[in-house]
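Consider the two complexes below, in which chain A is the common component and chain B and chain C are the respective partners.
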Partner chain A sequence: MRLSRPQIQDLALGVLGILLFLLGWELIGFYKLAGLTWPRFSTVMEYLFDPSRRGLFGRAMGASFSMILGGYLLGFLIGLGAAMLSYTLKPMQPGIDRLASTINAIPPIALAPLFIVLLSREVTGMAIATINVFFVIYVAATSGLEKSRQNHRDLFKVLGASKSTRMLRLDLPAALPSIVSGMKYATPAAFIGAILGEWFGASRGLGLLMVSAMQNFQIPLLWSAVFIASAASLIAFGLMSLLERFVHGRFS
Partner chain B sequence: MTGFATRARGFLAKYWGVIGVLLLWQGWVWAKDLNAIVMPQPLDVVRDLVTNPGIYLSNAALTLTLAALGLVMGMALGTAIAVLAWTSRLLSGILIPLGLIFSSVPVVALIPILARLLGYDVKTVLAIVVIISFFPAFVFTSAGLRALPPGSEDLFRVFGSSPWQRFIRLVLPSAVPSWMIALRLSAPPAVLSAMVAEFLMGTSGLGYMFRQSAADFQTDRAFGTSVVATAISVLCFTLATLAEKRVNARWS
Partner chain C sequence: MSPETAINVDHVGMVFTLDDGTELTAVRDVDIKIGKGEFVALLGPSGCGKSTILRLVAALEEASFGRVTIEGQDPAELSRAHRLGVAFQDHALLPWLTVKDNVALPYKVAGKKVDTTRVKELLELVGLGKFAGARPSQLSGGMRQRVSIARALVLRPDVLLLDEPFGALDAVTRRHMNVELQRIWAEDEVTTLLVTHSVEEALFLADRVLVMTGRPGTVAMEMKIPFARPRDPSIQRTPEFHAMADKLTLALEPEA
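Here is the complex of A and B:
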């Protein structure tokens, strides 16, 4: 893939922006412009990559990432399932729409105690991530499923295709670009859900590290935990953007 | 009478899902004969809401004020920076990628860092909402400032308008629809982040009230807070959507 001149310029400026951001972070910490609770970038990196803390961060990442991944997969399946249900059974659609948007409107801090009672403390993060992902996927998939063309639907009907054949061979492929865009926007939503859930008393994970570091003034630990979560979310988002570009090139 | 019947049917078609969940909840509490501390019934929650409206209203008003003020300030700041970036290729090349990166990171995770930086205070809650609403405003306004109707720029140039006139009459108006998208997308997170910040720092408002009542095992009040919070978040989203529709109808 050859880049044009403006694209190279954009790339260079983007990299420059990130470098300036990191430099600003370092300098504010060095001159203590924002007080003692703003550590230098290099301090955070040193803290983060210190071999003695590999176990601590490894365990926290393992716990959080498995919750995020579990919530993402579950939310994806439920969201897609609900969208397919409301697409096949049209009369149910307004009710499912309204239920989905009501559930989405309940603030996660209000849902957390419900999940703690119904499920357990440990999986509360996963449950909130599931709900966040579910809504994004549901909205993306319902609008995507409407995108198959009427004349194609007629053709399938005339040729005697069953409903499930039509769903599998026509409607779902037509919806794929929307669904993949939804999957991209669902990644930060899954991270937010899991971290918020862990703030409500999980016994491990990055969210727990953040809250206990905040309360105990462990500034480098606090920034390291937030840095890991942000970087991981960004990487996942970047990978999803690549997938989105591929699918959009192939299916639309 | 028939008007009432059709309206009732329309209501049922939209809300059967929500009503079903509420009935299931009530039925489940009855069937398992649960203690009110573990799981209050919907009826208890309604009773607490109706008998103590003052405490709900005052806390909700505080949270809503913080969220609305922060939203407006964040949007204004984001728009100002986007306009500034628009004037220079260098600035926009540096700032836009950073804006995109920050808007795809779980920004809620920054709340503990900001709480430590700025202190446990009402002003911190406001600052958090400002920062969280800033990024969508910046990203969408930047995109809008560049999405001019095709040919319009040439028209302005042919009629000999000054760059300033071009900016005021062409560029700013064409950014308004994207600006409205940013408003709709930022409204619910503004309420949510205000509540999460109040919850974590224990200052005041709905988030604090929720934490306090959960700690005192007043589960009916904790759920009542959830109901109020949900209502506020739905209200903000609905208002922002209405504003977006109205502006779009007038603009295109």
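Here is the complex of A and C:
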């Protein structure tokens, strides 16, 4: 892929911004401008990449990322499925819409104790991530499924398309740009859900590391866990943006 | 007109109800019979309801009065049997499919195995053999319309409906496309209804031209076109062609 001049400029400015941010982080820590709970960037990196802690962070990442991914996939499938159902069975649409907004109107954190009781501590994070992702995908997919153009709908009717053929060959491809945008915005929602869920006493994961580091005043550990979660979320978001650009170029 | 009627638009009227409840009569008492293998052009100014007639034949609308039948059946039966081909003014190609896949779409919609030889032949016929792998966004307006005509013909439909397929093109490209369409159509003389506002296009392509005017639209005039097929573009420069064009133009604008 060749980059154009403005793209190179954008990229350079982006890198510069990140470097300035990290430099600011380092300096605030060095001069202790924000007190003892703000470590230097280099201290956090040293702590994070110490070989003796590879196992600790590896296990935490494995646990959290599998909850995030599980919640993301489950939420995606339920959201897309609900959107397709409400699109196919129009009379059900107002009901499903209202149900989805009601679920979204309850802060998942208020539901967490119920999940702990009903499911288990281990999968509470995944359950919250699922709910978060479900709503974003549902909204994106319902609006996307309405986006097929009238002339394409006429064409499919004249060609004698069945409902399922039309869904597969017209409605879903036409909805794909919206769905992929939804998938992008669902990524941080999945991270928030899973890590919040782990605060409620999962036996492993980044969320657990954060809580225990906070309670034991292990500042570099706390910052390391936050750094991992943020960096992973940003990377996932960035990858989804690339996918989004590709899909928007091809499907709309 | 051959004795066997393929499309029968039987005293059809169409009334639309607007949002504020007022009723608008788009067409009134339109009676058109199209023979099997006949090419009929429905000529008229915009707003005369000619596209409404095409949409009725395509089963995209239901007539308020009278009825439309194709070979004695409801048009919806024909579209359900995947026997209708249509090309709209807006090419209606799917942007996410290649040219080849767009032309093959009717096979997939019909749940049939794609006949790749047929797709290839049609692309050659419309002069786009080299563009099989291109996407619609990479083609010019005229090329897109040719793809959409290839798509309309791919299943060898019983009826071909053309709704101003070249309406959005410039005059030169349009004339060129008409010559091509004439050649393509001659390969497989399928019963065709063309809706157009261009007098020259109707004259050059059709066996019979029907002029629709007024609001609500009615068929004001009928003209048989005597030119033998295949038609050479040069017929458009004959005095006979010009005389007929003048007559049709006058029928279109009786007050002018």
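Throughout what follows, the second predicted complex is superposed on the first by the 242 of 252 C-alpha atoms of A that agree within 3 Å, B and C clash if a C-alpha of one lies under 4 Å from a C-alpha of the other, contacts with A are read in each partner's own complex, and residues count from 1 in each chain.
The rule we apply is simple: a residue touches a chain if its C-beta (ideal position, glycine included) is under 8 Å from a C-beta of that chain, and two chains touch if they have at least 3 such contacts.
Everything quoted here is computed from the prediction, not taken from an experiment.
Undergrad: Of the two partners chain B and chain C, which one touches more residues belonging to chain A?
TA: B
Undergrad: Quick check for you: in the superposed arrangement, does A:F251 touch first (chain B), second (chain C), both or neither?
TA: second
Undergrad: Which partner does A:P173 contact after superposing on A: first (chain B), second (chain C), both, neither?
TA: In the superposition, A:P173 touches chain C alone.
Undergrad: Just chain B (first), just chain C (second), both, or neither: which does A:I109 touch?
TA: So A:I109 only meets chain B here.
Undergrad: Is A:L196 touching the first partner chain B, the second partner chain C, both, or neither of them?
TA: A:L196: touches chain B, not chain C.
Undergrad: Regarding the shared-chain residue A:L155, is it in contact with chain B (first), chain C (second), both, or neither?
TA: The answer is second: A:L155 touches chain C but not chain B.
Undergrad: If you stack the two complexes on chain A, which partner ends up touching A:G58: first (chain B), second (chain C), both, or neither?
TA: A:G58 contacts neither chain B nor chain C.
Undergrad: Pick one for A:T165: touches chain B only (first), chain C only (second), both, or neither.
TA: In the superposed model, A:T165 contacts chain C only, not chain B.
Undergrad: Could you say whether A:G24 touches chain B, chain C, both of them, or neither, answering first, second, both or neither?
TA: Neither: A:G24 stays clear of chain B and chain C.
Undergrad: So chain A touches chain B in one structure and chain C in the other; where do those two contact lists coincide?
TA: Dual-contact residues (chain A): none.
Undergrad: So in the complex, the part of chain C that touches chain A is made up of which residues?
TA: 58-60, 79-82, 84, 86, 88, 90, 92, 94-96, 105-106, 108-111, 135, 161
Undergrad: Where on chain B does chain A make contact in their complex?
TA: Residues in contact with chain A: 13-18, 21, 38-39, 90, 93-98, 101, 104-106, 108-110, 112-113, 115-117, 188, 191-192, 195-196, 199-200, 207, 210, 214, 219, 222-223, 225-226, 229-230, 233-234, 237.
Undergrad: Within their complex, state which residues of chain A touch chain B.
TA: It is residues 9-10, 12-14, 16-18, 20-21, 34-35, 37-38, 91, 94-99, 102, 105-111, 113, 117, 188, 191-192, 195-196, 199, 210-211, 213-214, 217, 219, 222-223, 226, 229-230, 233-234, 237 of chain A that touch chain B.
Undergrad: Provide the residue numbers of chain A that touch chain C in the complex, in ascending order.
TA: Those residues of chain A that touch chain C are 149, 151-152, 154-161, 165, 169-170, 173, 176, 250-252.
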